[in-house]
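In what comes next, subunit A is part of two complexes: it sits with subunit B in the first one and with subunit C in the second one.
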Partner chain A sequence: MRFLRGHRVLPVILLCVLLLIPGCWSGHELTDQLIVLGVGLDKVGDQVRLTIQGIRPEAAISTASSPSGSGGSEQPPFSLVAAKGDSVQEALQKITRRVPRFIYGGHNQVFFIGESLAREGIMPYLDLFARSQWSQEAAWVVIARGGTGQELLTTTNLVAKYPSMGLAETVRAHQVDIPTLFQFLLHYHEDSGAQILVSAAAVKNQTAPPGYQMEQLRLQPNAIFQGDKLKGYLDDSDGEAYAWLKYGFQGTRFSFPVSALPGAPVLGVSLSSAPAEFRILSTPDLGVGVEVNCNFSVTEDIPSPLNSPAAIRALENRLDQTLSQRFSLLFAHLQADQADVFNLAEKVHAYHLALWEKDKGRWPEVYAQLPVEITVNCHFRHSGVMSKYPGFKE
Partner chain B sequence: MSQTAPLPKAITPSLEENLLYLHQMLQGCDDFVFRPFRTAADIPGMLVYSILSTDQNFLSQTVLPALYRLEMRPERGFFPEAIRDRLPFLPEKTFTGWPDALVALSGGSTLILLDGVAETFPAATAQVEHRGIERSETEPVIRGPQEAFTEALSPNLAIIRARMKNPDLKINLLKLGEKSHTDVALAYLEGEIQPALLAEIRKRLSGIKLPSVQESGFLTEFLARNSYTPFPLVQSTERPDKVIAAMLEGRGAVLVEGSPFALLLPTTFWHFFQSPDDYFQSFFVGTIIRWIRYLAYILAAALPALYLAFTVFQPDMLPLRFLFSLSAARENVPVPTVVEILIMLIALDIFREAALRLPRSIGPAIGIVGALVLGEAAVSAGIISPIMVIVLALTAISTFAIPTEDLRSTVRIFSYALVLFSSVLGLYGFLLGASAILLHACSLDSLGVPYFAPVATLHWREWQDVFVRAPWPVIGSKQQKIKAQRRGRH
Partner chain C sequence: MQPGKLSKRQVMGLLLPFVLSTDVLMIPGAPLELARRGAWLSSLLATFLGVGLTFFIVKLVSWQPRLRVTERFRRLLGRGPGTITGLVFTLFIFFSYILVIREGSELVRISFLPDTPLDVITAGLTLVSMYGALLGMEAVSRFNILVFPFFLLSFILLFLAALSHPEWTNLWHPLQSGIGCVIAGAFAPLSWLGELVVIVFLIPDLSPGEQGTPFFLFFVTLGAGCLMTLNIVTIQISLGWGLGQFYTFPILQVGRSLFSRESLRGLDVLIMTLWVMGVATKLSFLLYYGLHEICHIFRVRNMKSLILPGGLLFQVLSLTSMDSVKELEYVTRYLAPFLALGTYEGIIPILLFPLILRYLKKEGGV
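Moving on to the complex of A and B:
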């Protein structure tokens, strides 16, 4: 046993020690796991109801082997398991006892939170998921507007077999930014403590012909949160403006009347920009400057030819005005609600420590009174695909 | 050979005594023939040879007539030297002792014994049938020389000599094997090989004590001096062009009578990934193909283990849609993934071994039956998942993309080892196992050259023949020298 002599034995011992270090021998066969795609959390009476949407692999097999559809199976390709408990932990344990599989949440896509639970405060219920191996980075937190999380888990979708996956498809298609659990936790611990979460409601497409009115999720970034409690909703216009400021115009299509005159023609443009920049002004009083620089291209027919710099400048100014009005309205509403969703508190804390120390106890009131100066600079970049405008003589 | 016979070490002047001794020694060897003759001077003599390995035409047309015409008498003195002058086919060397003479006799030489002469003359009449030079089976290339070594030593050396017309090409001959007395040749290029390295190779060769050397593989462990590693520390090749290239790099080649595989040493890990193809094609193609081989090696060693680690331990790291497919495919498989993998790996090795041993004509058929029929049947029977078949097929194909058999046969060991590591600790275990293998490989050396040189020794100038196949004008100006690599150790 020459090879065990001297220094050669050391790596072997080290290796054995390394093998013992992790202490997790936690392999689970795929066939022993219930792969969770979505979680619904609702308040029912005094208890919390946990609903889990997991995939049914056998259904996936039948659909995979017969391309014609669900393979004769009338059941949806997912299973919903729900349990009530005094805590999420208790409900999860009940589910674990009921499902003969290990509940695997590493690929969970979304937490649908019922509105009543959201109003009460969601932190105690999300804490379990934030601590354990459930995916925090990728799983979205979505508020069920006027409904329950369980309902949303059953909303079928045009594009995907699994409702939770359908959400992902919708998000990808519409470029909606939905905060994940991780982002929610980050904002939750910020100075302002306020943030906007995305709410969803299952709506039927009423304008579609009868028989085609699929129930679909409508996502809107409008649920105002103060701490972990739902305070209310922004209206559609404000929600849109919020997303523009927060995430920038990501190729957003937008239509606006080319002049303030009634009956003015509407021009369609495509906007793109970085997220808005917020500056805290302190001379002489505390204020906030919001600067939005965006580029736009014309995507729809142009009512009057943009053949002169003056015409282009006029169009730019018109767009600046329109957007400024939208943003001003948004800030007016946010200040009325005392919801510092852009976390201006942190900026004050960072750049004006003395002011912050003075006012931090009554920040919501200070925020509500903050003068907001909005600057929008739109730059015309492209006149669309047409090289000649109808009726324009060269 | 009789053990009771007296063992005179020396040949005596008496033909009778010598014949008596020979008869005793060759008792039971029915292939040896004693053919008496008388020279022109009426001296009785005897030819002793084996009818199996002797060129009898040469014997009867050249040797015997010359002996019949021999007119010298022992009384006149200078007898052996004079005889050799008159018999031009005799080699320089004569034997005065029996052991050497008997070895020569067994090797196909004809012993000429003359009465009154205490020496025997070996006539080089050896003739053994061997196959001709054929295409390389184990290291085929698309472009480039196709010929491979054969089992006979001298034609092999002749090819090398013909390709390297240079007196610096030195070929040292020696005999190894206490019983078999096998001819072994050490070939090298003087001026390219380091003298210390040459001395070390010679020392190790002369230190080999084996009863018989039937294949160059017998020598590898003696030359590498490390049997406790799955890595091949000595490269074997049946391609003359590889031998030439190795000698130009300052490496030595050991060829063994009876083996079509030459040994090249010292060897680094990266040598096994070099195929002559690389050098015969463009620099880009050569480099890309080499990278594909590295990838194939990693896949062959790691793919089953990674599959196991990802599906059982770290499904979080797989894309969700991929997980759907995996989950659906595995749904009805009754055995755990690790058992499934082990069953398939073992089955794969059995197929490989079976296809290898079967006659050429039905070997491929068995491979197809094994892979397609059995795999398909196992999947439809629900014993294994279709994804597992894909994983294992990819592993098997990757194994075949490794250009040298030395490496190909050892990669399976790592494949099993990594699967076992993964089955216990998932990706962590996999990384642990892979690190252990890598550390082990870095600790090895082949005749003093670090096994992972020049990569682990950071001789980045020499990486031009590891990570890329540098263009010929770059390589050609300075062939890589082992010298620089030795810096790591000595």
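Moving on to the complex of A and C:
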């Protein structure tokens, strides 16, 4: 090291270190990549079919730069490649051999999982992605209701160029909460092991005039999972009620009749709240307390019922009752399915250890019998820029 | 470097990342696997026991603080046994170097550069550590002062981010798996906390006014223990023990899951970069003092001439001594702790304690 004394070689060593530290090894040019946006997983016979939807960057660039926006080509700017195999790895290997590009998974947005595969159990097929260094755990897990993951990857929508990106835009615009692969793993390891995943189906907007009936993904939080297996679906009403309890109302628009009488006028409200609070009651028997506190504003009232404080209180009570009924129905269905999707098992475990130790082996049966006490407190806040129905005239 | 050049603050700044840069990466997996919900309690227990170990270390170094390690042992145990003990300490320092270089490289490879050959990453870290050893601890500690605040901040940041969706109930009933599991889970964190014993190498370089009473070591042990516990709590409230135990680097997964969307994307990389810098500092420390002591034992005058062959040898050993990251995980979590605590971190300082008391009595120091 004597020669280093003059420190002439030090900058060279430093430069060598700098070259090595960033680790830019085997780089791939953008145009040599197939950037994965969505992955479809389906069961076909005894094999798994892997479908990859990827952007061809050069196609995306030419589409963006063309004046018409179409790029002068009728081809979609994304590629769809699929292969079957005994494992996901084998199918991926086949795709890799077939596609003369580097398949980059770091931007994957979603896993669309076919229903038949979901019923069999999805963990063995997500294993490869959960271990991936490309942060695939941030991608959404969506179940293709009554169909295949591949079908959902081919959904064409005029507004969204890529189906997977269209999903991302829908999620951002409508504040939809879709569990990610990481969240799925997290809930899988919870005491209850049950959770609700989002299902999707490609539907056409039939009410639009011909030529404008865009295909779109209809997302609903209704796929009941026990462990890694799909057990069934909640109906639309229950799915909505589940999302309200789990994620809060988040500006939900909701209409309900102002009274129980037939033909009663319908009132539109916009609700916001934090997620519901769950408590385990133990006096005298084990039970569940669910508390929902929400604020609402009136968005549509025909005719205006809000002409006095008493009318407001009556409306609040009516909304409390309506929501309570919805939540009670949801719990009745969940208990019938023995699906503890709110992970009440964890609360019993944490707050009543002796009871948990006694009953953990038969928790689904215990859960099915738990009395549920639902408390909803709705508070009226405002009615937009008008205090009364604009058609009101004395 | 001339002895007595490092201030107390610089030494504290060196020792905290020294312990934490490796203690927070692979080690939390051990208490999570063994103590389950009681992982945080294992970490607290390790901190408590670590303070006890620090007492013996403080006693060991506060006696004749200007002496180098081997010289100290020669005075205490006689020439032959003292030299062997000094050599054992030095070899453990190299053992630690080999483990840490592999651990830091695996962190980079598994998480960020999967296609880059491991040789290249270990070579990068080795070169940095060699350069650090060449410059000496004074330069390394000055560099460390720049990184240290951000290094500490990363723990706080991760914890605060974990507070967005905390599952506090994951911390409850820590003794559910039994006190035996909590104790078993404490060994790995304790052994990496016990690495503070490297102060025996560093103490002659501490400024003379602070050599006699290195009580700040208690503060370092407590600080490192608390941050380690905070790290495990962050993992538990974010991943739970069930999922947390599956990851090779659980805290990295916490960072990834918390910073995976939108504007925060990539923040985990920044945090990991800081930790890799902590690892590089630690490696420089280990290489510098290990070679320094080897030179002292074998009477080699120019320590710098050993940096290149030494660094290369240890890099090769780090690559060849363990085939896979699973082996490394096993060694760092379940083998090295017992080996280290059974020798230079625990048993030797404890056994030397009566001898030091005897000497102090002779010198009228008690």
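Here is the rule we use: the second predicted complex is superposed on the first by the 354 of 394 C-alpha atoms of A that agree within 3 Å, B and C clash if a C-alpha of one lies under 4 Å from a C-alpha of the other, contacts with A are read in each partner's own complex, and residues count from 1 in each chain.
As a working rule, a residue touches a chain if its C-beta (ideal position, glycine included) is under 8 Å from a C-beta of that chain, and two chains touch if they have at least 3 such contacts.
Because the structure is a prediction, the values reported are computed rather than measured.
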**Request:** Based on the superposed arrangement, let me know which partner A:Ile35 touches: subunit B (first), subunit C (second), both, or neither?
**Result:** first
**Request:** Could you say whether A:Cys16 touches subunit B, subunit C, both of them, or neither, answering first, second, both or neither?
**Result:** second
**First (subunit B), second (subunit C), both or neither touched by A:Gly106** = first
**Message:** Looking at A:Ala336 after the superposition, I want to know if it touches subunit B, subunit C, both of them or none. Which is it: first, second, both, neither?
**Reply:** neither
**Item:** Which of subunit B and subunit C A:Gln133 touches, first, second, both or neither
**Value:** both
**Request:** For A:Ala260, select first, second, both or neither according to whether it touches subunit B, subunit C, the two together, or no partner.
**Result:** neither
**Message:** By the touch definition at the top of the document, which applies to A:Glu190: first (subunit B), second (subunit C), both, or neither?
**Reply:** second
**Asked** Is A:Ile55 touching the first partner subunit B, the second partner subunit C, both, or neither of them?
**Response** first
**Prompt:** Touch check for A:His349: first (subunit B), second (subunit C), both, or neither?
**Reply:** second
**Asked** Where on subunit A do the contacts with subunit B and the contacts with subunit C coincide?
**Response** 25-26, 133, 135
**Fill in**
The subunit B residues in contact with subunit A across the complex are 228, 311-313, 315-316, 320, 323-331, 333, 336-337, 423-426, 428-429, 432, 436, 439-440
**Asked** Can you list the residues on subunit A that touch subunit B in the complex?
**Response** 3, 11, 15, 18-19, 22, 25-31, 33, 35, 37, 55, 57-58, 60-61, 64, 104, 106-107, 109, 133, 135, 165
**Complete:** Contacts from subunit A onto subunit C in the complex sit at residues 1-2, 4, 10, 13-14, 16-17, 20-21, 23, 25-26, 133, 135, 137-138, 180, 182, 185-186, 189-190, 346-347, 349-351, 353
**Fill in**
Within the complex, subunit A is touched by subunit C residues 108, 110-117, 120-121, 123-124, 127-128, 131, 134, 167, 169, 172-173, 176, 239-240, 242-243, 253, 256-257, 260-261, 302, 304-305, 307-308
